[in-house]
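Note that the chains are named A, B, C and D in the order they appear, and that numbering of residues resets to 1 at the start of each chain.
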């Protein structure tokens, strides 16, 4: 088993008729993902790439039995789209949209958890279980089926690491982009606990960056609860304070959230920290061999 | 987006938070006039968007109009963390009995606003948090019911058991939270909130940072000051849809994606140099956007070598290559340009750059190493 | 508190909900003038606060100014469920293609607002609910996030698959919910919302009921009409802090507590008569309040006997007795007065009434029985 | 055991220095209730009837280990008071205050349930377990220790019925006034299920009135889940439609909420309905005898 998405994943695309939505729908379909429905209000009855479009997620669910939604609507409409998916009983909601306001996301996250759905993102590249299904915008070709779980706050940096893993013959069980914003539906800890329980996942790569305390909490969680080998990478060592580095999340305020602080937290939890994307695979390989030795004793 | 202190004071005042008498000026002469009118000691405070102005000597107390002139004149000649001081705020100086801290921000872990109060005001709250965390009182705010009076009272009574004073503090907290919500703040802070000798509450300093993602809801704020807008290059980059932050190093970086950009900068440092900037060209960049990016990086005189690191997902390497090639030709580039292209259409991209003077690298590690080496030549 | 239709239309209009052209008048002459100005068929509608005006013949369509005069004249002479018609609304009559129902109220079981929409507008929604419940679409509104656009769309697309029409309905629902929240409504309703022959949406009728418990937040509404304020005795009772509703029977009831008052009225009926009123003197009533209560009940000419039923908890029976005694003496009572006192200080209370003409009963059953018997004498 | 309150109940009085608060504090104390703290902002350090006053419920809880709160503050401040109690972790909150706005109560009820507290009221006379403890404003003397559970939407009508029961030697396990408003923290069904589980309660009296659907839901619940004898009383048979009978709850709109409809619901669920407060005891006695006969068979 992979986590979050697998070959039983049935996807409804919210915003399927938009530029982004239709482009990535084609990409997901090509990868083999079961796209079963799309939603754009007022466009019910149309088809995009052969996929039926509905006015509402509720109707789309009724007609297609979708269990996962991926959201490509513009930022002003994204909170409504997430709430709609949660209210319609969608189990997993992956929000690609970036630029959603923080106070909106606070309410949205609270509502989603009341409804019992799981939200990935916003500002996430998506989730992929290589060889099975891809729900998001990442390039499928760089991934390889395997047993490394990858969880990350960023997009292209993850691709870099994933490519490095694949080229080193370290395939992935699932790669999860939790999103670069300050308020996100699922944290590192949420995803780490899924990887820990997942029988297919044998090792974990965590890609963090400056800002917030998510990495520190992940380090504490790994020390307490994770038995599988973990390698961490933290971007932003030389990012200056009080400057915003692209992501809403990537700002350091006060003493908290520096890369050094995060790296120290990982090291204190005896977690290996890679110095650059290029040596993640190498460190992970060493960890796995050590782990193998330990098991052979 | 951070707004200036004087603007934050205006917001406070319009929401009923007591603020001192104050006026803004661009000249030492003007500051002197204001001090004369106030006819009492004043504080002269640089209006900048970066923190740490106190340590930079950009806040001074003046006992007389003459002293005010002198202080303003000195402050108006300063730079604070690279930001030139253009305006000073002249504020009545109060007789202070106590200094409190009040602040509201977003608690990322709990996914909700957090209201903080401390009896240790007037110093940096991060210091208080480190040295005496028990002196910061916090209340998490549930999004269902928002900030309630009982929470305001709970915090206020933690600062003072005096009923009148606590009631005043609770009212200010309530107003501050209203500002936080109405303006979509990521931070709203009063440090210090003072009790004067005549037992009055007054917000001496005012700090408001607005959530960039919510700016579309506040067209009225777009005219206000902005940290990124300070640097002309940053303004230019923003206009062209690029996320650019100027830094102090010598390697100009052009990358797609914020995380990858930071990782690239980290590598530059690791190989012994410093990045001249953060620059994220975003996803699916067009030829023009790429060309603009090179343009902006080259406008920074400190830059000695350029490092382009592209991982093509939605972004197509051939399109990036076209943009780079166009800019190279147009601008008669005479700096080392190291390019790493990977992912979607990487072969086509590399092919297009084959006969330019650009150095093509196989990995981001290699690219960073070469760029640093070239810059040192 | 229910407000008049024309007032609700004003609220709708100020919140962007399309309403027909309309004017209010107190005379048939005025109605005729309005019809002339409109120069088209009109609807003449009684402005009353009770329901069922249609069945009472208090709404009429008029094709000409003459017909308008006649209709208005007839309607202005009517009473609807006891309420005299004082004003009529003259509204342009539209060419109607379809009639929808939209309404928002509070779902007590789920403890949240519920937004309802039905394609079967123009008739009483309770009838639709009984006969074709599948034709009422409902959305419960979670208090955390309120009414969201997707919910408006969901309901609107249930009424019409036409995109423009659905968008219009969704916008109206959103405005209606804003009214519901801003005015603290217990009901906000449009029935019917029509589609005209030229495919325009228009709220033909408007109904708003405001939560009495929230009126303190809306001083602007206290000047508006009020069902309880219609009856002069009810106005007087309200001024004296009594909860009083005039009814059609002959037994005047004075009770402490709403539930006990209703149970007392039920007993009166069970023994073969009808209550003349509901009157709750509230908890811990003073002598004056009790005296006023008797005063008000006696002002109702239909009353043939008075039944006082007090269960003393916070209310003290001796205080009630003093109030009654004072009123009996002052008003030279000549109707049968049956009193039942139980609970706190009941013996003292009974003692004080011993030498008056009041009939003291041992239980509320007995009291009701005697009161009915006395009234029939 | 009684339900909701018992001799372990430790009460904090919110609004203890007010006219109502101080008056009823004396009454509760006299009945034997353990009043351990009071709250009035700005009055910390004072005492009312010997009971220490605190500025906040949090402090009061810390100092007194109160597990139950009773609220007597004016209606504008009552939502805040309920939220404060819930946030401070008070298990049972009894709100006596009447006149709280409906939309406020909707949010308050939602928050209280998220926090896991139980709310009785608002506009409730309170809760009493005769001989043990009284949390509210009801006259203690009319009650008698015993095994009848009483649940009601009104105040004095309940006293009438309770007196009738006590005089017929039918003592009460607990009497609960759930409150006369349209939005209340606990419904008939909530209380019925507690009575059903309570070993001390052998029979139940339910006192309803016009308005809402709470009685209808209670009837359905009793039919399905309640094994103990129940007698119902419904006030407001001759209340006219669209007229407000005092309580915010007591209004009939449309076809719903009439006394006849409710009585029919009880009768269809084979629940005995008393015609007046005076014959509740008599009917209940008959029910209990029948029940006894059945058990003796």
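FYI, a contact is a pair of C-beta atoms (placed from the backbone, for glycine too) under 8 Å apart; a residue touches a chain by one contact, two chains touch by 3 or more.
Just so it is clear, the model here is predicted, and its values are computed rather than measured.
A separation of 28 Å divides the Cα centre of subunit C from that of subunit D.
Centre-to-centre separation between subunit B and subunit C, using Cα means, comes to 57 Å. Residue positions of subunit C touching 2 or more other chains: 142-144. Within subunit D, contacts with two or more other chains are made by residues 107, 110. The touch graph of the protein chains shown belongs to none of the named shapes. Chains touching one another form the pairs A-B, A-C, B-C, B-D, C-D.
On the subunit A side of its complex with subunit C, the touching residues are 41-42, 44, 55-58, 77, 80-81, 83-84, 87, 107-108, 110-111, 114. Residue ranges on subunit B touching subunit A, taken from their complex, read 50-51, 81, 106, 108-109, 111-113, 124-126, 129-130, 142-144, 181, 184, 186-187, 211-214, 216-217, 227-228, 243, 245, 247, 255-263, 265-270, 274-275, 278, 280, 283, 311-314, 342-344, 363-365. Per the touch definition, subunit C reaches subunit B in the complex via residues 143-144.
Against subunit B, the residues of subunit A that register as touching in their complex are 75-76, 99-107, 109-110, 125, 137-139, 142, 152-160, 163, 180-183, 187, 207, 209-210, 212-214, 217, 233, 235-240, 242-248, 250, 253-256, 259, 275-278. For subunit C in complex with subunit A, the touching residues are 142, 144-145, 148-151, 153-154, 157, 161, 163, 166-167.
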